[in-house]
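Chain lettering (A, B, C, D, E and F) follows the sequence in which the chains are written, and residue indices restart at 1 in each chain.
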Amino acid sequence: MNITRPSGRAPDQMRQVRIERGFTRHAEGSVLVCFGDTRVLCTASVDNKVPAFLRGKGEGWVTAEYGMLPRATHSRSDREAARGKQGGRTLEIQRLIGRALRACVDRSALGERTITLDCDVLQADGGTRTAAITGAYVALVDAVRWLRKRGEITRDPVFGAVAAVSVGIWRGVPVLDLDYAEDAGCDTDMNVVMNDGGGFIELQGTAEGHAFRRDELDALLGLAEGGIATLLQHQRDALAR
Amino acid sequence: MNITRPSGRAPDQMRQVRIERGFTRHAEGSVLVCFGDTRVLCTASVDNKVPAFLRGKGEGWVTAEYGMLPRATHSRSDREAARGKQGGRTLEIQRLIGRALRACVDRSALGERTITLDCDVLQADGGTRTAAITGAYVALVDAVRWLRKRGEITRDPVFGAVAAVSVGIWRGVPVLDLDYAEDAGCDTDMNVVMNDGGGFIELQGTAEGHAFRRDELDALLGLAEGGIATLLQHQRDALAR
Amino acid sequence: MNITRPSGRAPDQMRQVRIERGFTRHAEGSVLVCFGDTRVLCTASVDNKVPAFLRGKGEGWVTAEYGMLPRATHSRSDREAARGKQGGRTLEIQRLIGRALRACVDRSALGERTITLDCDVLQADGGTRTAAITGAYVALVDAVRWLRKRGEITRDPVFGAVAAVSVGIWRGVPVLDLDYAEDAGCDTDMNVVMNDGGGFIELQGTAEGHAFRRDELDALLGLAEGGIATLLQHQRDALAR
Amino acid sequence: MNITRPSGRAPDQMRQVRIERGFTRHAEGSVLVCFGDTRVLCTASVDNKVPAFLRGKGEGWVTAEYGMLPRATHSRSDREAARGKQGGRTLEIQRLIGRALRACVDRSALGERTITLDCDVLQADGGTRTAAITGAYVALVDAVRWLRKRGEITRDPVFGAVAAVSVGIWRGVPVLDLDYAEDAGCDTDMNVVMNDGGGFIELQGTAEGHAFRRDELDALLGLAEGGIATLLQHQRDALAR
Amino acid sequence: MNITRPSGRAPDQMRQVRIERGFTRHAEGSVLVCFGDTRVLCTASVDNKVPAFLRGKGEGWVTAEYGMLPRATHSRSDREAARGKQGGRTLEIQRLIGRALRACVDRSALGERTITLDCDVLQADGGTRTAAITGAYVALVDAVRWLRKRGEITRDPVFGAVAAVSVGIWRGVPVLDLDYAEDAGCDTDMNVVMNDGGGFIELQGTAEGHAFRRDELDALLGLAEGGIATLLQHQRDALAR
Amino acid sequence: MNITRPSGRAPDQMRQVRIERGFTRHAEGSVLVCFGDTRVLCTASVDNKVPAFLRGKGEGWVTAEYGMLPRATHSRSDREAARGKQGGRTLEIQRLIGRALRACVDRSALGERTITLDCDVLQADGGTRTAAITGAYVALVDAVRWLRKRGEITRDPVFGAVAAVSVGIWRGVPVLDLDYAEDAGCDTDMNVVMNDGGGFIELQGTAEGHAFRRDELDALLGLAEGGIATLLQHQRDALAR
């Protein structure tokens, strides 16, 4: 089929991806990840404590927090700190990021430590949560390397890799990696988190307009698999630099 | 394959479903829905106002709130009103319920009205969000019937029907409608919301243990389709009484 | 004098009372109490901890929380969890329930345990706090029986019984057990908590319209004594089943 | 019977009462009321607005807020503004003060105005809520006089007078106007609000130790009537100065 | 130059200062300080604990909280406890008071104790923060004397004295100790905290209208030095009584 | 005198300053300002509304919000949005930034518009508030240029320029532009906001260790004047690019 996406990209074409390590200097891992105009700063912070429910069990914890600078978006949104609470969307996204990253961590190998992944959106243009997961993975690996270099852990707690991408149905055509304009115009929007073994970690699909059929779902999953492969390669390249 | 689920049910067997209309008397729709030992009270309340972002557009709104009585669960959990905020899980679930129900409502036909679906869990045994969606649909229809009987709306704003069920992989076997014991032991847990045209409204799958493969996903979706068909029949029967 | 109460009841006539034990299955005590159309679910939860101010003193604690489902009432009220705090009325009622129940408990015999009585109003038609106290007493006894059956305590910490009823002056006539319509039209409204020895535990009378005189107070207390006797019998019957 | 109260007072003896008008200069009414060592600053503030539920009805509103300076008490208590919410006790007391004062106000004569009575405890030694009601009445009258002097209202919206006192049973003996030491040692504690016609506005009795009998209640009410008479005279004297 | 300040005072003339010790009886130090019509109650409370970040270091802590009664001002302001948070101005002032007082305390000599200075404004007419610092110093000394009398500390942790005053430029003329009317009309407003050695503890100057020049700053500091000398003498006199 | 500052800089030497306009693309003004390793993103957002207290007066408003990413600092600090409120330090800084910027704006020329300056610290190494003021000025000018280009305003509301720098006394020597290590070791710390006419907008000096004398203050102000001159030149250069 012949469509022109708002972005002019082919249906199966990702935006330009950039992963920049060491973006800030205090964090044990600090990554700026860009999916086109979406830019998310992901930092990994190591703390030698675990939440109360894990104390004394010899296991570590990986968790995430998500935020958006007030003017990361087209029009300014209220600062959550000023409003006095995190909104439902924020909580939902940071729970997702945390689950996704825990899926590639052996928490016994981490020991009684918490790694917190702060994902702060500097500029938003759709797909902030998928960019956050993809970048947070690299920050996590850097934090783990820092721990290993200091001899604090011996076994690598990270197994495999995790990346995420969005797919959707834009004017009837399944497309990969939605930017803001495409996301707003999509009937169906799905976020897919996968590992480097081709397994699904998380799948969240929502029919915004009409319900989607099984064959549409299959097409979306196919696109996502291609996008994830590209992202995993970007992660490997960044970590090899 | 030959497994015994904790519940003793066959892999594709739903728990006993009960949908009781008119459970309380003040609400325009009031439904007690039971999936086995999970019992959720779903009320639909009509308000002749819409949120600020819709004012003057001639459209209505459908939204949901979710709550759990402190001792609906095995051990008592803090009352969210006393803690001073709704947790991330609560916000995530009530956003899901709202999206699911809006998927079967023509908001222009509703006019400038809000229907709020309050889903309060009296007793929890797994699957509270899927029971809530399934019951809230019936409460919504009752509220719409109430509006029509009073002549406040002429066109039926509800098209089709919506129901939800959970599926998961328990010891390697895809199973339908997880209760609490099964949910806790599952590797993968997926909530599926569908309409009566066989379309997907929402799909939320999470790999708690190992990542799930494409063929496992297919099996889970097949089970969900069967469960949804059963639930839609229960809804029709309840609404016909 | 000859009046017709909105409910058609005689001035000294209680609504139909129903006390149903074991209403939900997780709590150590779970009671649905109905005063006419007022329905309150009272659960008793045992926790092997006490608040900080009691730690190490060998005494237990009994406390209560009160909530109202958003659509328990004629028009929907905001969910306190969503508003981010419990209102003054809620706090006042749950403090009253807690004090009332502690009046029949020997806290040394309870040991360092807390019993929390959650009173959640499923449907409101006046007198929710008096129904809550009356039902919570039964839930409390069930929780104590559970503790004794497990051999965790040897001496019965509950002495006597506690019940509560409202009285008021409706169009000049003292009446017993106000429903919502009567409560709204009453000049004076009084909640009376008594034990089975005929002693007063708590007395809260408010003149909504004109101030009440000493002889009116006496008449109200007489009615309350009769109502309490009926309620205590309902409690005994329920606990004997 | 022969007892020595901690204060050395006779059972029916009030503490020294002092009512000082014009204590601060900005408020329309400003009264320092002292019941012995209990000192409460009561200010009345006039605002030409009413709460939303009264707008356009031609009626006024009278409401109260209560606070305690952190070190008004023996040991410092947390500042409620710093904790981020008013406690249950505070809300309960300020609701009581508001109800009590509204009982002597003709809200139509007040017009669409709100009078807010702020009762702030500078020093606490028992009976802060009864002192607050007694002093707030005087501040209210001063605010109404201020309105009348400016010709903003013509008819006096205050009818009669309202005062409050506590009574209790100390070592078996009914006593009047409990100070902190007596309050802490009392079996029963009752707050009584009356008007100058001898009518009851509010009655709040709590059995802290053993339940109280009808004859004890009668004795307490007799003591309260005497105390209220004294307080009403103090109010009249203050207002005549 | 020849101006008439709203207050009629000479440019270098302070308002009448009054420092009254023992204003309330529970606190270890309790001081009412008046700068003209500004009246602040400063209490010092001793607690045998320190905040978490100091535990086990053998050092004490001095901190402050600031509040304003709702009707301390010309028009009533919302109660911070009711609004659910302390405003930015309140936090800023209480941080300033705490820093100012810590500047004259040897925290090792204090031992692991916290002294909390509660500064509550009963009546406001400009300069509440400077009055608070000046009065809190006296309350602090009283609390330390109380500790020494009980033999809990041997070495005096307070060295020197601290006082504060405001200065400003009113219609082009530098003036001392601004009252509310002057403060509202000032181009520049500066709060100066000094010790009795003539050293500056804190300097906070703000140009409300036009920016101030170096020579204006010098004139303001000169005025402040004079005012501080007066205040230090008032403190000494009060502490000698 | 001969000292070696931790940074190795001369006492009157600023860190390397960088001002990068157009750092993000949605905001009307978007500036990344760096003082050495301190990096603050300052965005200016235009809104065609003013706060309630200014409505209908024909004047605009300029306000600021300040935030710090959780891992902008050496160790991770809690996210204010998650804690549910902005701390005292945050409120104090954002109030300062707002006042400083309003000092160079003619609010009538702005018309009924609000410009919000969001200053978010990406990386902190001392002096975040002075960098924020310096960068926010440039973002403000860009937002005003945007308004003028669209013809929404005709007269330039910004007069002059505003910049800020910190000074302090490090081991007895007055030094300019403290980084984190120097700030932590300083006896006195002063933030100075000035305009391009050499006038002071704001002066905030705090003696952390010993009190500072008048001659030390003079030396600090001299250093600040030099630093401000440098910063004003950087602003001009950036705006000319």
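Convention: a contact is a pair of C-beta atoms (placed from the backbone, for glycine too) under 8 Å apart; a residue touches a chain by one contact, two chains touch by 3 or more.
According to UniProt, the chain labels map to these proteins: A, B, C, D, E, F = Ribonuclease PH.
Since the model is a prediction, treat every value here as computed from it, not as a measurement.
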Touching both chain B and chain C (chains): none
Those chains which touch chain E and also touch chain B: none
Least step count from chain C to chain E, where 1 means the two chains touch: 2
Of all other chains, the one whose Cα centre sits farthest from chain A: D
Reference interface B-C: repeating pair among C-D, D-E or E-F with over half of contacts shared: D-E
Whole-Å gap separating chain A and chain C, where each centre is the average of the chain's CA atoms: 51
Chain C and chain F: spacing of chain centres that average the CA atoms, whole Å: 59
Residues of chain A whose C-beta touches two or more other chains: 84-85
Traversal of the chain ring from chain C via chain D: C, D, E, F, A, B
In the complex, chain C residues that touch chain B: 24-27, 30, 37, 39, 41, 43, 45, 47, 65, 67, 69-76, 79-82, 84-86, 90, 116, 118, 120, 122-124
Touching residues (chain side chain B, partner chain A) in the complex: 85, 87-89, 91-92, 94-95, 99, 103, 190, 194-195, 197-207, 210-214, 217, 221
